[in-house]
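Letters A, B and C mark the chains in the order given here, with residues in each chain numbered from 1 onward.
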Amino acid sequence: MSCIEEDKFASKIHQTKARALVLPRNPSLQNLITKKGIAWVSGYQPRLLFAQSLRLFYQPFQPSPIIHPTAVIAPEATIGKDIYIGANVVIHRGVKIGVRTCIHPNVVIAPDVEIGENTILHPNCTIYERSKIGSHCVIHSSAVIGADAFIFEATLQGWYKMYSSGYVVLEDGVEVGCNSTIERPGVGETCIGKNTKLGSSVVIAHNCQTGENCALIGQVGLAGDVKLGNRVVLAGQVGITNQAQIGDDVIATPKTSIFGDVQPGAEVSGSPAVDKRLYLKISAIYKRLPEMYEVFKKLKKNFFY
Amino acid sequence: MSCIEEDKFASKIHQTKARALVLPRNPSLQNLITKKGIAWVSGYQPRLLFAQSLRLFYQPFQPSPIIHPTAVIAPEATIGKDIYIGANVVIHRGVKIGVRTCIHPNVVIAPDVEIGENTILHPNCTIYERSKIGSHCVIHSSAVIGADAFIFEATLQGWYKMYSSGYVVLEDGVEVGCNSTIERPGVGETCIGKNTKLGSSVVIAHNCQTGENCALIGQVGLAGDVKLGNRVVLAGQVGITNQAQIGDDVIATPKTSIFGDVQPGAEVSGSPAVDKRLYLKISAIYKRLPEMYEVFKKLKKNFFY
Amino acid sequence: MSCIEEDKFASKIHQTKARALVLPRNPSLQNLITKKGIAWVSGYQPRLLFAQSLRLFYQPFQPSPIIHPTAVIAPEATIGKDIYIGANVVIHRGVKIGVRTCIHPNVVIAPDVEIGENTILHPNCTIYERSKIGSHCVIHSSAVIGADAFIFEATLQGWYKMYSSGYVVLEDGVEVGCNSTIERPGVGETCIGKNTKLGSSVVIAHNCQTGENCALIGQVGLAGDVKLGNRVVLAGQVGITNQAQIGDDVIATPKTSIFGDVQPGAEVSGSPAVDKRLYLKISAIYKRLPEMYEVFKKLKKNFFY
């Protein structure tokens, strides 16, 4: 099964070995595929249809409910029904875990963590104390939830660490990629909103809050106290400085550096971030700077000296 | 308890639900708070005072000294008194660990590592062979200390790996964030100076040396052989190329790319890094490049053609 | 033993405490060292010679073959001879591992993974389902191979996740640094070519393919569907957007942002990436933008108003 996402890929049809295709709403393309004897389905959003179709054929690895005998579970923990707890998992006192949740091997969960239902923690991830993880969340391998805030005050004797009395909240449906880190605050909470997805090696500092249905792609970094609205999309390697407020539906293209607030609906690029259309103009001119500079030197010489 | 860090936050006082506040040295503000019936303390450095106050109310999770029966400890290891070694910790031969150190579950420590007193290793971190970690250090989850140098020599048969006979030194009081990596060198040592703090997903390559009381915030990367002076602050996503020497008290703002040496006391920004004041001017002009370009085209046409 | 890599370091000879040196092919330097009574060897590629010499003196830690009794190995797994499997390793059903491979403590390997001969998996790394890892590979601590693709389709109800039915292939001789992540695709494979080396905190998204003998240094990020030719070198913090095709022998300097295809043999820099020579010119002018802007304002005033 394969997917023809955009009409421009139509030219590649002659090479396909797929026996079934997901097509856009394009009658001539559909006719062509029919003539080639390939089964197809079509929809307004072919990638979504493809993703839906894929679930008919493939289900990810999910172990059967069991508590492995090597797991080390504090007697004061509360574990729901139909749970999988893999080998060498360590669960400290006061932890609560909802039904049908799946804790893969070698995960460590610190005291007083709460985890909802149908959530998956992949191998080798770590949950620090008091984190609250919702239902239907996915935490990928080596991710760390609830680590200490990076807050140090300068003194004559060197850095003085602020302790992190706060905690992290992941609302329902949040996904956190491999090797990502979400830090808890000195006071209060760091909150990732419902159904927001984080890629790999993302770093979220203390007191950040994201809205619902955001997507933060690989290697994004948010400094302390950043607020994101709903449906914000930050592409790979984007960075946002502390206390910035980003409105609903903002899109930042890869490697954008955001040094301040961004209005709802804006699409921003560059370092420092500007409107994407302006960035595209600047980028074109940036390549012509040496040529501009030559003219500039002549002009300067002709008119000012 | 909350903290009013700067006078500009004074306008938010009417919203606070705090029953105690840390205030700056501002008499009118203090009067206002007193009238509202809220307890307060005040100091020249309110954030520091707040951090100090927090320790009266909150202590982070620290398990009682015990060696968990599932820990796998080589008989040739030397373990000090009053140590916590959590479940599934693996300690190889020749390791020495000082008193009151806390090794959380699922940590792995390779041969001949030395760890001082009162140090904390959080769950799932890994210490490669011969690393020397001081006293009062904190290593967060999934951090890796002492991994192989990334040194490969090009040959006609492909990359030839230089083995890493050196080791990593973390001096006393060093803190290493989650998912950070410090690489040991081919020969010699990689050294993080006393009381220096690293955030999450920081990468320190072979042979780097930092001074004391530096702060390297999340996602900073140092290439091989970089030297930092004392009290250097590198904000998030800063990168420094190999062999650069950075003087005492240098500050680099977020995402700065440093391609060479930086003089002591400089504050740098941008890519390539320049003095921060120059960067701010450049950034303002960068946004006006399209406008400049239009004028440039007219001038060019009028005067040279 | 030490290495004098370039002739410019010759001035440091008087400070060396080394008892043996690796020198470039420089007769006067060789005479000087001989007179100082220091042993030396010399070659056209001194760093390579140094790396080769180092192997005579130093071998990294490699445990003797043994299967630790705490390892949890599914009965349906197939394990070759002379293998080391450390404490707390978890190996699921259907896994196949070749002879003389070394699986360090606390590694987790999901179902149906295949691993070749003489490969090393360092502590705390995680291999997701169906990954195929070749022979003579090295996977460093906390690296994750084969995690879910970051593919979510927007719907009115929020993000809809595409399941990842594909898998990751690491060909022979691949090395993956600490805390790096390689994601498997929705359909098909993500492939790292023979003898390609990845540094720490590198992120490779779904469906990427690299050629042979590439080097991707720390914190590099490749978005989905990126193709790299052979011998491509990407320096630290480089990012490449999705679907870009990068030719053989391309070099990208640190923090370069590549937003499209790059021709074979090109050396690129900057954001957006341009030819390195052009970048150096642009960078020089970038620092003079404030001065240009002053002249520009005068010209504009004189000639257009």
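The rule we apply is simple: contacts are C-beta pairs under 8 Å (C-beta built on N, C-alpha and C of every residue); 3 or more make two chains touch, one makes a residue touch a chain.
Since the model is a prediction, treat every value here as computed from it, not as a measurement.
In this structure chain A contacts its sequence twin chain C using mostly different residue numbers, the overlap staying below half. Between the two copies, chain A and chain B, the Cα superposition rotates by 120°, quoted to the nearest 5. The centroid of the Cα atoms in chain A and the matching centroid in chain C are 22 Å apart. Multi-chain contact residues of chain A (touching two or more other chains): 70, 88, 106, 124, 142, 179, 201, 219, 237, 271, 286, 292, 296, 299. Touching chain B in their complex are the following residues of chain C: 1-3, 45, 47-48, 50-52, 54-55, 57-61, 68, 70, 86-88, 104-106, 122-124, 138, 140-142, 173, 175, 177-179, 194-195, 197, 199-201, 212-213, 215, 217-219, 235-237, 254-255, 270-271, 283, 286-287, 289-290, 292-293, 296, 299-300, 303-304. By the touch rule above, chain C contacts chain A in their complex via residues 70, 72, 88, 90, 92, 106, 108, 110-111, 124-126, 128-129, 142, 144, 147-148, 150-153, 155, 158-165, 179-181, 183, 186-187, 201, 203, 205, 219, 221, 223, 237, 239, 241, 257, 259, 271-272, 274, 278, 281-282, 285-286, 288, 292, 295-296, 298-299, 302.
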